[in-house]
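The structures considered in this document are given below.
Next come two complexes built around chain A: one with chain B, the other with chain C.
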Partner chain A sequence: MNWSIGKSPTRKDSLEKVTGAAKYTADFIGAQMLHVKLAVSSHAHAKLKKIDTAKAKQVPGVHAIILGPASPLTGDEVKDRPIMASDTVRYYGEPIAAVVADHPFQAKKAAELIEVTYEPLPVINSPKEALQPGATLLHKDLATYEKIPHVYPEANTNIANRTKIRKGNISQGWDESDITIEENFSFSPSDHTAMETRCTIVEIKPDGVVHITSSTQAPYKIKKQFAEIFGLEEGKVVVHAPFVGGGYGGKVATQLEFIAYLASVAVGGKPVKLLYTREEDMVSAPVRIGLDASIKLGATKEGKLTAAEITYLIDSGAYSDKGSMLTKAAAATCTGPYNIENVSCDALCVYTNHPYVTAYRGFSHSEILFVFERAMDILAKKLKMDPLVLREKNVFLPGMTTPTQTVLNHSTVGNLPNCIDKLKDLMNWDEGMVVRVADNKLRVKGISCSWKTSTISGASSGVVLLFNPDGSVNVLSGIVEIGMGTKTILAQLLAERLKMDINKIHVQMEVDTKVIPEHYKTAASRGTLLAGRALLKAADDAVSQLKHIASHVLTCSPDDLEVGYEKVYVRDEPETFVQVKDICYGYEFPNGNSIGGQVIGRGNYTLRHLTNLDYETGAGKSGPEWTVGAQGVEIEFDTTDYTYKLLNAYSVIDIGKVLHYKAAMGQVMGAMSMGLNHASAETFQFTQDAIISSPRLRTYGTFRYGDHPQYHVHFFETPHLDGPYGARGVGENGLIGMPAALANSLSIAAGVELTKLPLTPESIWRAKEGDEEK
Partner chain B sequence: MISYDFDYHKPTAIQEALELFQALKKQGKKPVYFSGGTEIITLGRVNELVTDAVIDIKAIPECNTYKQDNRLILGAALTLTNVLDLQSFPFLEKAVAEIADNTARNKITLGGNICANIIYREAVLPLLLTDSRILLASLDGLTEKPISELFHQELQLKDGELLVQVMTDLEAIQLPFYIVKKRRQWGVGYPLITVAALRKQNKVHVAISGLCSFPFRNKQMEDSLNNEQLSIDERIEAALKHIPATVLDDVHGSDAYRIFVLKNTLRDILRVLGGAENDG
Partner chain C sequence: MDENAITLSINGRDTTCFVRNAATLLYILREKLGLTGAKPGCLNGDCGACTIDVDGEPMKSCLMLAVEGEGKKITTIEGMKQTTIQSQFIEKFAFQCGYCTPGFIMNCHALIQKHPDATDDMIKNWMESNICRCTGYKEIEDAVKTALRQANQNTDG
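Let's turn to the complex of A and B:
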């Protein structure tokens, strides 16, 4: 019997959320609580000559004003970022000072009265500019910054990291090619725009224990970083992560927590709350990467790819945060899901005077696929070949080697040809890519393949299972419920393994790092793999304890017993059993003797066999499994004014195993909408001085109700043998092929190769006839 | 969150509102009339609109009027949602239905949009084209005037003067119209440009928002569009010469792109509302 896997049980967090009872960080209010507001930079690059807080101090209710200390420096891989700007601001919106006051409006009023005198410095507005000879250095001390091994900042440049891929022999690749194409692609940084803006509450209790409540995807990282950066004992840092209203990678970064800690210190440890406004959340907090890329592909006239030479310049903004790892991921995934024997790729993490970057759903994959999958369409056109046929000829199959020279197998790569076949079906591909529906209207299809892994080594997760006296089970996992439903999936996995009703499984939603076992980060589509495997191990541990106690009650070997239906029963005589509720706190014999004790299931899981990438060649095992997919978009395009409608969007994904059907559908459709939204509208617009024009939702371009196409999703199930019940990560794949698929459809529709995002009617007009007009 | 303090008054009569305005001024304050409050909230929180006293006009009966005899009278404090629900002025409804989103339209009022700080004020376009009239209140009494007489870039109100009502002849409401809002992308938000047109006595009349930093109706532009001596494209080229100010170049789109879109839109208008006779 299938207890829960593949079904769609009601999410464990749903009632709290639909009734409005669910609490997010900003909802926590305390009588003693003080409030923090920031003064942020109005320049993208400047010396801070003077910060005058005299007027601000006069505002009633103000307790303290904190300026940025020059040290300590922070950063995940390279420690290059002060907690707030101390002598130099490097991006528009960078925090400069923090005011602590009784009420938020007092703090705001005071923050507005802080007078900053700037001495403007030359601004770097793109990765290309940053690499020009003689470009201003944004980090003169780059060479001396503390960093982890396997990140390679280049002294006296604006390069925070470089990852190289050297596979095969590139000149041989060009020799074997009959046809080559070359193109450049670019887009600017953009934002996560999660519904919940970032918020944190920090309090230092009289015993010195620091309590941090935060809208974070990475509570355990905050704990470690606080200990490291502020010299605290890890046992004295406790992070609470309540529900988080969307993260998309943006809440992996630690930023406002550091500021709030300094603020709490300044007011004697009192609890302080720092809630970002939408503008701060968009600009002051870390954002999504921008990219400048150049690509050259070679192929035989039969359409066999022979060589790829690629440069990815990741716009990391003012600091590196996750930029260096995004660079590594970009290099490791550089060719999309295609087998090419000869690859040369340089991915560079480049400092600019843009807001600094952190993870974003897809972690470089969608950005890289935009480039590579556009190039594939350009190549197909030159070869006069159906773009899906070109892809079919080159897709990764078991036995082939990735750009990082890892050999793929059925378990690690899944079945992309199946996905392509199904996509053809769903999209009615035989009808042709272009259908004229009116004089000036075309219905046009575009496609992209996709693949995604997670370049995270050393990631682990722990799960504890506690039994209630009625035999029900409590699940403790450090996964943060950021809206994706993984905690419900953990309950499903347990229901399946223990063969019990999911309604008798209770999941602890809020994470408290003091009492809940660590989970790496709620990121990278790794929740189900890491915590799922840990949970299954914990279930096995509990099962073995239950069997052990039951074996004494039923006087048989534990080997003869099974656990299920809330019973422990003899395998071939199921009518001989003991109830789980009668043994999960030990068993009392009729004569009063007791045996056993409370059953506590423990489990953990660590990703295995991942390696660092070789600096010279990039060789190494970068991630566990790949999730592959084929995606498409159908648009209606107006040939007169270059406007278009999104009619249909398709994703066919090999997700290994469908665990929660509706959650999986929701993940994929939601991700598809993000991909389409990024590709069609979302971007920061920078002035020449790298000031962001109007960082507000009213002009930023997020989808509204009615902007969406019809979404079509289909799953294949080629098991990932390491995954729980064969599941693969599925949180990101819906997104990552969408920008390329949309750009491909529009390039066909407009008859011009589109190389920039977002694809607004104006950007198509510029590509199409802008030059003529001028 | 708004960091400045301001007084809030909610008078129930026009006279009371006008007197309050003067009294607050005498106290050295800079009062503003307040209706839906959306701009005070959204611009106030970023200090783009600063005031120390607001006078809420929503409790004034005349500002909530809806009357229809030989002309339609709409109170300035009716929300855009009210205007849509009344279903009595299709042209105006089409214009306001595209302003902001539903939640905001439940708050934004007709008078508030006409007198807005935000530059688009699209409710004005149908009113200009239908030669609507407005009722203003000042301490000298009530005066009724054509909106075209007082709307130059923005409604030219004297200090303390209050927009009470908008009146439109039913005849004008029946005329064939066309309005299109073009955005940078997708279906909600500010316009790249909004172009409204009305056909009256065989002539096409046009009013535009989003092209310049204010909405406008320009007679010479209309004359060019109705010049039957010229082809459609020539008329449009001639009309473009009469754009009254610098074309916007901002986050929604460049000036050149706005002109491209305007040309396409004018072509559509001339096709739909007539005037295409001479287009060979």
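Let's turn to the complex of A and C:
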């Protein structure tokens, strides 16, 4: 019987969040705080001939105007991005200048009076265009940019990174195949659209200590980058991450923090706040990747996959940020959850004149699965085979080898055949995929399978447990509460380990990098694994300290003691005990002698045994474990006008031990909604000059109440032995199969192979009419 | 910078403050009065994160000037204490990041007060004015429908 895990205790942030008391970055307000507003580019690619700030300076209340310095350059893997554009703008909306003023309206007014003279340059509007011979080079200095090892920019091209997968013998794979299919897929970049637009406050204190408060998923990365880029001591950079209003990957990037630092420097270190408008948050801040892909699959007539040859061209936009790592993840995951002996894949991170990209929930997986799972349906159709049967014949099982040549085992991969069986059940698969419900109405099912790991080698986390005199415990972890509830789950894990009331466990919500142990980043569905393991180690440390003190009080060996129920007791004589509250600050004997002191538990955890991928073959261990799932969608499709309704959406996911049922359900349903939203509506619309028309919520197509389908979610619990109590990552899995499942259902419904996103009635009509250029 | 004194009735108390004529009510609530529960999300009425209650109607405070608030009864999330809809949001896990939550709660609360017998269509019409990007809306649906049911029972009883 579990004490706490598997149940659904109330979230620790509940009362703050339903009363408006929860503070997000923009909610920190001070009378002395100055405000920053940006002037941004109206061109996607141009030389900056002149920036005239004379009129802007005249605006009352203006303190300073900052232009982009040519150096230092910034970037996570390749340093290719100036803090603001200095001599060239490379995307529409790129920051050019920042104004600091007393009030936001003054800063805004001045920013609009900055006159920029541009000399337009040729625009690259897709990865394919970027790779054409003679294409304009967006980064002439690519070869000389600073970079980390294991990222491979190609000089004199627009390629910021390439990851290759070479598994088996591809020509043998084609020889063994009876049937092949080939298809091309593409979609444009889109946006994270967290409800909280990005915001930061920077202040430099008289002692030189830089305080950064930010809506970030990666406070410790900001600390490192500030030290590195501005030449500061790490101990003098303090990052505060209060509640964050949604991230979905978009807030792992550091951008506005650098600008705000320059702004604070310009006004003598005074606190400055930079709050992005919705339009800036969508376009100026980093976005989600676009993709051009081509795929060829070979199979025997029995449906055994024998070969896959794939090219993924990732639209990284103007700079690489996380683009090079998204490329690596795309290559490592390139075949979806299927065992294919012969694989050749090239994933390229390609510069274009689009907004630059960063992580997005799923980290390439949903994008790659859209391509691969659509190809699987096309293959099934050609084989005249049930698409789920084709998948069953090829799924990854323990003992098989991933595209990066890692051998899977019963712990590192979940049970996909179980998921597929359950999906059939839930979807009433035997009924058939198409049911005519009226003359012009079809009810149609589509499915996909998925897998996900996290290519984050070196990621680690630390946890400190501080006991209070009443025996309650404060949990300090560098996880940022961005919505997924991990801090509540940490409390649950501790309650389970110490068999204590979860209400006596207090989690520190705000992260302060000066006093809270580091957690890598709140990303990649790894909060529970990293921080959970660190917490269990810290709990063990506290337990051993408690036993040590108790052993003196109870005059026995610590080996004979157990900790639980807020007591330390003798294992085979539980009525002999001492209360935790009586020893967690040390113990005073009746004669006045004292021993011990405050119990402080410490723990850390680092992902083990991950390796870099070999440049020639991609061989290497890319991630800690693979969460698998089978997903489906049922739609009602109108054959006359190609409109459709989302009726039902299904997710069967093997998430290992379910730690918090309602939180897991919330993660999965929310992610499903996000996947369906992306697939059905979300995209940036680019003009041929790569200008983005109407970046605002009203026209972007964000789901609202009532757009949601009925959700059907089922979990399997194959344990990941490294995970706390056997849990796997779950934050992204609900999303990643959804675009493919929706596209598969619509392809069947419309009778045409759909290869582009988003799937609007108009885009289906264009595909159906065979004229994509209409 | 010209500012004029206005008096606003907020959460049952009259407050006098100096405002520019062009300042939105959202800006004044947050920057002058420290009531940061109403959130900026778009500043043009698209997202509903800044929803407050004005004379019993849900109102996006980014679409209203502060000077328009004079003489009206304004309730913000800070004025909501232990309401059914708040406990239902907790019970049903109807929030994750929590940024849209105050706006949703204010909108739901006004709906429950005005239309305790709201139909599914009416609920949809009302809720469509707010965006939540974390949940799949199912939890919010459960919270608002349960709160409506409870309001109905109270009315009947």
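Keep in mind that, in the parts below, the second predicted complex is superposed on the first by the 769 of 774 C-alpha atoms of A that agree within 3 Å, B and C clash if a C-alpha of one lies under 4 Å from a C-alpha of the other, contacts with A are read in each partner's own complex, and residues count from 1 in each chain.
Operating definition for what follows: contacts are C-beta pairs under 8 Å (C-beta built on N, C-alpha and C of every residue); 3 or more make two chains touch, one makes a residue touch a chain.
Note that this is a predicted model, so its numbers are computed, not measured.
Undergrad: For A:680, using the defined touch cut-off, is the partner it touches chain B, chain C, both, or neither? Pick first, second, both or neither.
TA: Once the two structures are laid over each other on A, A:680 reaches chain B alone.
Undergrad: Taking the superposition on A as described, I'd like to know which of chain B and chain C A:414 touches: first, second, both or neither.
TA: A:414: touches no partner chain.
Undergrad: Is chain A touched at more residues by chain B or by chain C?
TA: Counting residues of chain A touched by each partner, the higher count goes to C.
Undergrad: Per the contact definition in the header, classify A:760: touching chain B only (first), chain C only (second), both, or neither.
TA: A:760: touches chain B, not chain C.
Undergrad: Touching A:478 in the superposition: chain B (first), chain C (second), both, neither?
TA: In the superposition, A:478 touches no partner, neither chain B nor chain C.
Undergrad: Looking at A:219, would you say it contacts chain B, chain C, both, or neither? Reply first, second, both or neither.
TA: neither
Undergrad: Output check: A:105 vs chain B and chain C. Expected answer is one of first, second, both, neither. What do you get?
TA: both
Undergrad: Return first, second, both or neither, reflecting whether A:250 touches chain B, chain C, both chains, or no partner chain.
TA: The answer is neither, since A:250 touches no partner chain.
Undergrad: Tell me which partner A:698 touches in the superposition: chain B (first), chain C (second), both or neither.
TA: A:698: touches chain B and chain C.
Undergrad: Could you say whether A:706 touches chain B, chain C, both of them, or neither, answering first, second, both or neither?
TA: So A:706 meets both chain B and chain C here.
Undergrad: Where on chain A do the contacts with chain B and the contacts with chain C coincide?
TA: Touching chain B in the first complex and chain C in the second, residues 105, 277, 698, 703-704, 706-707 of chain A appear in both lists.
Undergrad: Can you list the residues on chain C that touch chain A in the complex?
TA: That would be residues 1, 20, 22, 30-31, 34-44, 46-47, 49, 76-78, 80-81, 86, 89-90, 93, 95-102, 105, 123-124, 127-128, 130-141 of chain C.
Undergrad: Name, in rising order, each residue of chain A that touches chain C in their complex.
TA: Residue positions touching the partner: 8, 10-11, 13-24, 26-27, 29, 60-61, 103, 105, 193-197, 243-248, 275, 277-278, 482-485, 662-663, 665-666, 669-670, 672-674, 696-698, 702-708, 711.
Undergrad: Inside the complex, what are the residues of chain A that reach chain B?
TA: Chain A residues touching chain B: 104-105, 108-109, 112, 277, 279, 640-641, 643, 680-681, 685, 693-694, 698-699, 701, 703-704, 706-707, 758, 760-762, 765-766, 770, 773-774.
Undergrad: Which residues of chain B touch chain A in their complex?
TA: 1-4, 42, 45-47, 101, 182, 184-190, 250-254, 256-257, 260-261, 264
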